[in-house]
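Take a look at the following structure, please.
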Amino acid sequence: MILRVEDLAKYFGEVRAVDHITFGIDSGTITSIVGPNGAGKTTLINLISGALKPDSGDIYYNNINIKGMPPYKISKLGIGRSFQIPHIYLNLTTLDNVLVSLYSIKGLTRSMVRDSYSFKDELSRAEAILNMFGLLEKKDMYVYELPHGDRKLLDIAMAFALNPKLVLLDEPTSGVSSREKRRVMKIVDDAIREQGVTALIVEHDMDIVFSYSDKIIVMHQGKIIAEGVPDEIKGDKTVESVLLGGET
Amino acid sequence: MLSTLPLFILNGLFYAATLFLIASGLTIIFSVAGILNLAHGAIFMLGAYLATLTMLTGDIRLIIITFIIVPFIIGLIGLGIERGLIKWVYDRESEYQLLLTYGLSLVLADLVRMMFGPQPISASFLLRESGVIDILGVTYPVYNLIVIVVALFVGLLLWLFLDRTRLGWIVRACSFDREMSSALGVNVGLIYAFTFFLGSALGGLAGALIVPSTVAMLGMDVNALIESFIVIVIGGLGSIRGAFIGSIIVGLVRSFGIYFFPRYELAFIYIIMAVVLLIRPRGLFGREYRRV
Amino acid sequence: MHILRSIPKEYYIPISLGLLFLFLISFPLIASRYLIFLLSLALIYAIWALGYNFLFGYTGLLSFGHAAYLGVGAYTVGLLIARVGIKSFEILFLAAVLTSLGISALIGYLCVKYTEVYFALLTLAFGEFFYALAFKLYDITGGSDGVSVPYPYLFGYLMDTKLLYYVVAVLFVILLYFAWKVVNSPFGKTLQAIREDPVKAEFVGIHVKRYQWYSFILSGVYSGIAGALYAPLFAHIYPDLFHWTTSGEVLFVTLIGGHRMFLGPVLGAIIYAFLRSYITAYTIYWPFVLGLSVAVIALIFPNGIIGSAYSFIKERYFSKTVVSK
Amino acid sequence: MAETRRDFLKVTGAGIVGLAVGAAAGYYLAPPKIVEKPVPQKPPEVPKEPLKIGVITILSGPGALLFDPGLKALQMEVEKINANGGILGRKIELSIKDSGGKPENSVDFFRRLVEEEGVEFVISGSTSAEAIALAPVAEQKKQVLIIEEGTVAKLFEEVDTNPKYVFRINNYDILDSTSLAIAMKKIWPDVKKFAVIGADYAWGHDTWDILKGAIEKLYPDMEVVAETWPPLFSQDFSSHISTVIAAKPDVVALVLWGGDLVTCIKQGVQYGLFKDIKGISPTGGEYVWAAGTDTPDNLLMSTRYYFTYPPWDKWWPNREFNLEFHNRYPDSHGGWPGFNCNSSYYAIHFLKAAIERAYAIYGGWPTQEQVTEALEGLMIPGPGGYRYIRPEDHQSLGYAITGLTKQDPRYGFAILDPIEAVPPEEMAPPPGVKWKDWIKHWGEEYL
């Protein structure tokens, strides 16, 4: 078990965004979290990645309690994350966007004198990652020139550049046209399998969820209401009503 | 100290009164149009100098009209600046807006020198004529009380306007979300222009009000700008209520500080700012600051 | 063009720096003493603005109190000469670097906890704190009158205006080269990443506050060096060096050139120093003319003079898309 | 030869430390520096072209109120001199620079004037900070600099202890305070408790220190009951005034100038400050003109020159200077020349007299050194009486003026009347003595 969440809770005033939940993720699997808007999915990702501090509970990553750690430490432990709205460095080139993650994980960010492109290992690794995400041709473009789908991919690629054991992907296909969705998810799935990474994905598109997940966690009002392999979830009536009710 | 306590409170409030008027103008422009108007100090100075023109005549009717005419003229100048220059830089990086208004502040301040010359102008007719009253055995000028009351009244009007009128509601809506407002069919450009009119008029009014009890002199713009800026930071950027409370805090701390720590007056306002920011990083009534 | 193409790309920087260096060194041959003085001033401003831009242009933090570190450098040198009697510029220079390092480290540590306008204001408050110190510690600093600073000695030679010019020019070229190395190093890229998206930077393992702090220190030291050269140039130091209006000046210098460009602050500084000096000399209504020039620059160059020129050329001749933001 | 050798060594030194090979080239190729002007065999002819004089003064910002009239007076005098044939036949051309009160601007201008524009003399009407910044540059450039204001005592006591090219025309800070203290002792011999509202910058503190020192000598049992220090260019003094009133002093010293003094007096009147408390103000004499009829009577003020003294009927140069200024600039500064106008008069006339004197001795257009020699010990008449430049420290002193304010409808403002003019010799330390040492033994004869 690479990640174990125990009795985790986060309240925003009266709102119980995450309400004492417990679950675990096995190494090498893809787990999806589904649920209506406001179910607490993104809050959960934020808690695990360190963006928010939980009110109570524990988060064990490889048996280290990472609860309350700042994000930069958590990412260095091997947890990468992406964002629903891509967080990328708009005025840097695609290559630089990925390189910064690599410098960070290799501890090179204090290097002040050597040219950033003179680190050959990192350069070839960055190009490999860009290649994996289909962005290699655009490596010298400034990021503000990229279309939305590529931005989503880049956002994820930057997380993968950290050489993570676990990635938390917050709606990797949101805002992408339905035709593009399949392509984006295919690339992400390939990357996950190729790198042997464990993934926790928040996703709305149930088709994608059912076809890529090993396990699905259904959240509603901050609680986990169902958990299981895709086939179990598919037949669950309560899940269906929650999801349909939430989606409209 | 005890017998003169009310006096120091009044002194503090008097200082706060003009500071509030300047700061509220600055903060309205900032919150709605998203521009930190570095020329606001020069606007205030221009108001003070313009007011001396009528105040030196000694004609009481003319002088009372001054308090309406001067803000109006200064408001129009603000409007002109907005329509003519600032309109073009809304979508620029905010630093270039700073650069533009900084240039404008130099230009306006120098125009004042060209028009009025370098000598300080003292126009104290009103101060003299309004006389003094006795507060607990201490003499106090009535004019200071007038200034305090006017500032309170203007603050009340501002609050009523922003809170109770449709236009005020629209102005506030613009300050929260520019795109949303324009989507709702509000002519945002017009609102910005109006904001500049209103903000500048407040600065001009402050200038006209302060002139009788002091002098119109070169350099008064620089201090006014930085102090009112700090006031709106203490109060929380974009908040009229914050400007109100902020100016009262600054006024009172200064007033008592002069009594207890006369040698460090120079640093008072920065100390207040540092303390407030350390305790409440977004100011007293600040909401999340966004780059619009 | 043929010769140009035969030069390998990695030699561009050394060659242009070499040319710049040769130009600066031979400048006294063609220019009057006054122009040498003015260029010294411009280059000192350039060093300062270059340092400022680490923080502003590359890390995205707008400081409104950067006069403090210029002042610290200048006062360190000035007071050590005038009050302690240390005349050796090597020691003075080292002292200025150390004090500006220490003080910017301390203040930077407190300030980077804040962001956006609150960062700007906290730096402003600290700048004014130093202003008040220089103003109030009358017996040491001479208060508002300032202190007259006799010329120091560099390796035993009197550092008059001309020798000072060479020192300034050499330091400028070194610091320019170093700045270029820094902004293109992983460290520099990290700063830019922080500028673009501090949230993301935190999630790729960058301790954002710490790197903002490093950037603050770096720019503080550059400012301190500029100050250390400023004091002997004017042979006088006074509290306005710390004042927020002086801090505003470095911001405006950077903006005039364009803070998105590496050379923006440098050219901004040179343009501003010469513009200001000539305008003030030729009209007594210089605030008007200077203000007008600044306003016009702000209006017609949305990315600063160099930034806009670069965008224009790039749009016109090289790329289908424009550099803009 | 020694100079070139030193240059060469300089080059080698720089080269050795590897700072710049190019620097060496620059130095080596540079044309040889002419360090000492060769002594001419026969005195140079008086050049035909106009005589350019640089003026560095403050015309923008709050300080302009003092120097704008001064510049007007200077231009008036220059016009008159030019109409009478100039100096040795050379017409004077002024190159006027506005420093805005910033020392760095002043230094920049000084270099520009001397190195670019080739002016022969520089007159500076500016702040103390500017004077302190300029004096060493002038000494180093071997260029005559006549300072009109910049009245800080430190200038010749600490900064430029052995002046050669720098001269200061106006009465400086010491006299403002000592004369005021003496006048006070005569009018109010029994006061005891003092308070001060002083501008919080070097001049304010310096002046209060001197004034306090002088008062301590004349009133041995004096005590200071309140001190307030508003920053320069404050707009509101109400709390300072209230603080002073609460401390119940006998005398309040207003160590302020310009708009600050006007505002403080106006507000002081409203708060009843001067009802029971006597007011004194060093240098305040002419600043209250801007307060018009607001100034109360019987405030004791000193100044460095007053337009009614010496009396016009007894000293025609003063009458002539005043009437001419008044006719020309009726709107400037109350319409009458202030102490900076007086300094301007002396600055240009000292220069004229010195050039003519040196010409008479050496028989040609004088060098800078010859002018400095001629300036030392020079005495000329002017609006404020005869004025003399002390050769030892290049300080010129004139009557220290004190007087009580009195509203005068003829002028529309309060004038000083009656005026007490004290000869400067008793009011300032002799050359080479620091005021802090001097004041210890001063004033015994007045007790």
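Per-chain residue numbering starts at 1, and chain names A, B, C and D are given in the order in which the chains are listed.
Rule of thumb we're sticking to: a residue touches a chain if its C-beta (ideal position, glycine included) is under 8 Å from a C-beta of that chain, and two chains touch if they have at least 3 such contacts.
Not measured: the values here are computed from a predicted model.
A.B. asks: Going by C-alpha centres, which chain would you call the most central?
C.D. replies: C
A.B. asks: If every chain is reduced to the average of its C-alpha atoms, which one ends up farthest from chain D?
C.D. replies: Checked the centroid distances; the maximum from chain D is A.
A.B. asks: If you average the Cα atoms of chain C and of chain D to get two centres, how far apart are those centres in Å?
C.D. replies: 35
A.B. asks: Indicate the whole-number Å distance between the mean C-alpha point of chain A and the mean C-alpha point of chain D.
C.D. replies: Between these chains, centre-to-centre, one finds 73 Å.
A.B. asks: Roughly how far is chain A from chain C, centre to centre by C-alpha average, rounded to an integer in Å?
C.D. replies: 41
A.B. asks: Any chance you could list the residues of chain B touching two or more other chains?
C.D. replies: Where chain B meets two or more other chains at a single residue, that happens at 110, 113, 263, 266.
A.B. asks: Multi-chain contacts in chain C: which residues touch at least two other chains?
C.D. replies: Expected reply: 135, 287, 325.
A.B. asks: What are the touching chain pairs in this one?
C.D. replies: Per the contact definition above, the touching pairs are A-C, B-C, B-D, C-D.
A.B. asks: Spell out the part of chain C that touches chain B in their complex, as residue ranges.
C.D. replies: Within the complex, chain C touches chain B at residues 62, 114, 116-118, 121-122, 124-125, 128-129, 132, 135-136, 244-245, 248, 251-252, 255-256, 259, 285, 287-288, 290-299, 302, 325.
A.B. asks: Enumerate the contact residues on chain D facing chain B in the complex.
C.D. replies: On the chain D side, the touching residues are 59-62, 64-65, 68, 200, 226-231, 233-236, 238-240, 242-243, 245-246, 258-259, 262-263, 266-267, 270-272, 275, 290-292, 294, 331-333.
A.B. asks: Using the touch definition from the top, list the residues of chain B that touch chain C in their complex.
C.D. replies: 85, 88-89, 92-93, 95-100, 102-111, 113-114, 222, 226, 230, 233, 237, 263-264, 266-267, 270, 273-274, 277, 281-282, 289, 291
A.B. asks: Quick one: which bits of chain C touch chain D in the complex? Just the residue numbers, please.
C.D. replies: Of all residues in chain C, those touching chain D are 21-22, 24-29, 32-34, 37-38, 41, 135, 138, 142-148, 150, 154-157, 160, 163, 166-167, 169-170, 234-236, 238, 240, 277, 280-281, 284, 286-287.
A.B. asks: Going by the contact rule set out above, which residues of chain A touch chain C in the complex?
C.D. replies: Contacts found on chain A: 49, 51, 70-73, 75-76, 80-81, 83, 87-92, 96-97, 99-101, 103-105, 108-116, 119, 142, 144-145, 155, 158-159, 161-162.
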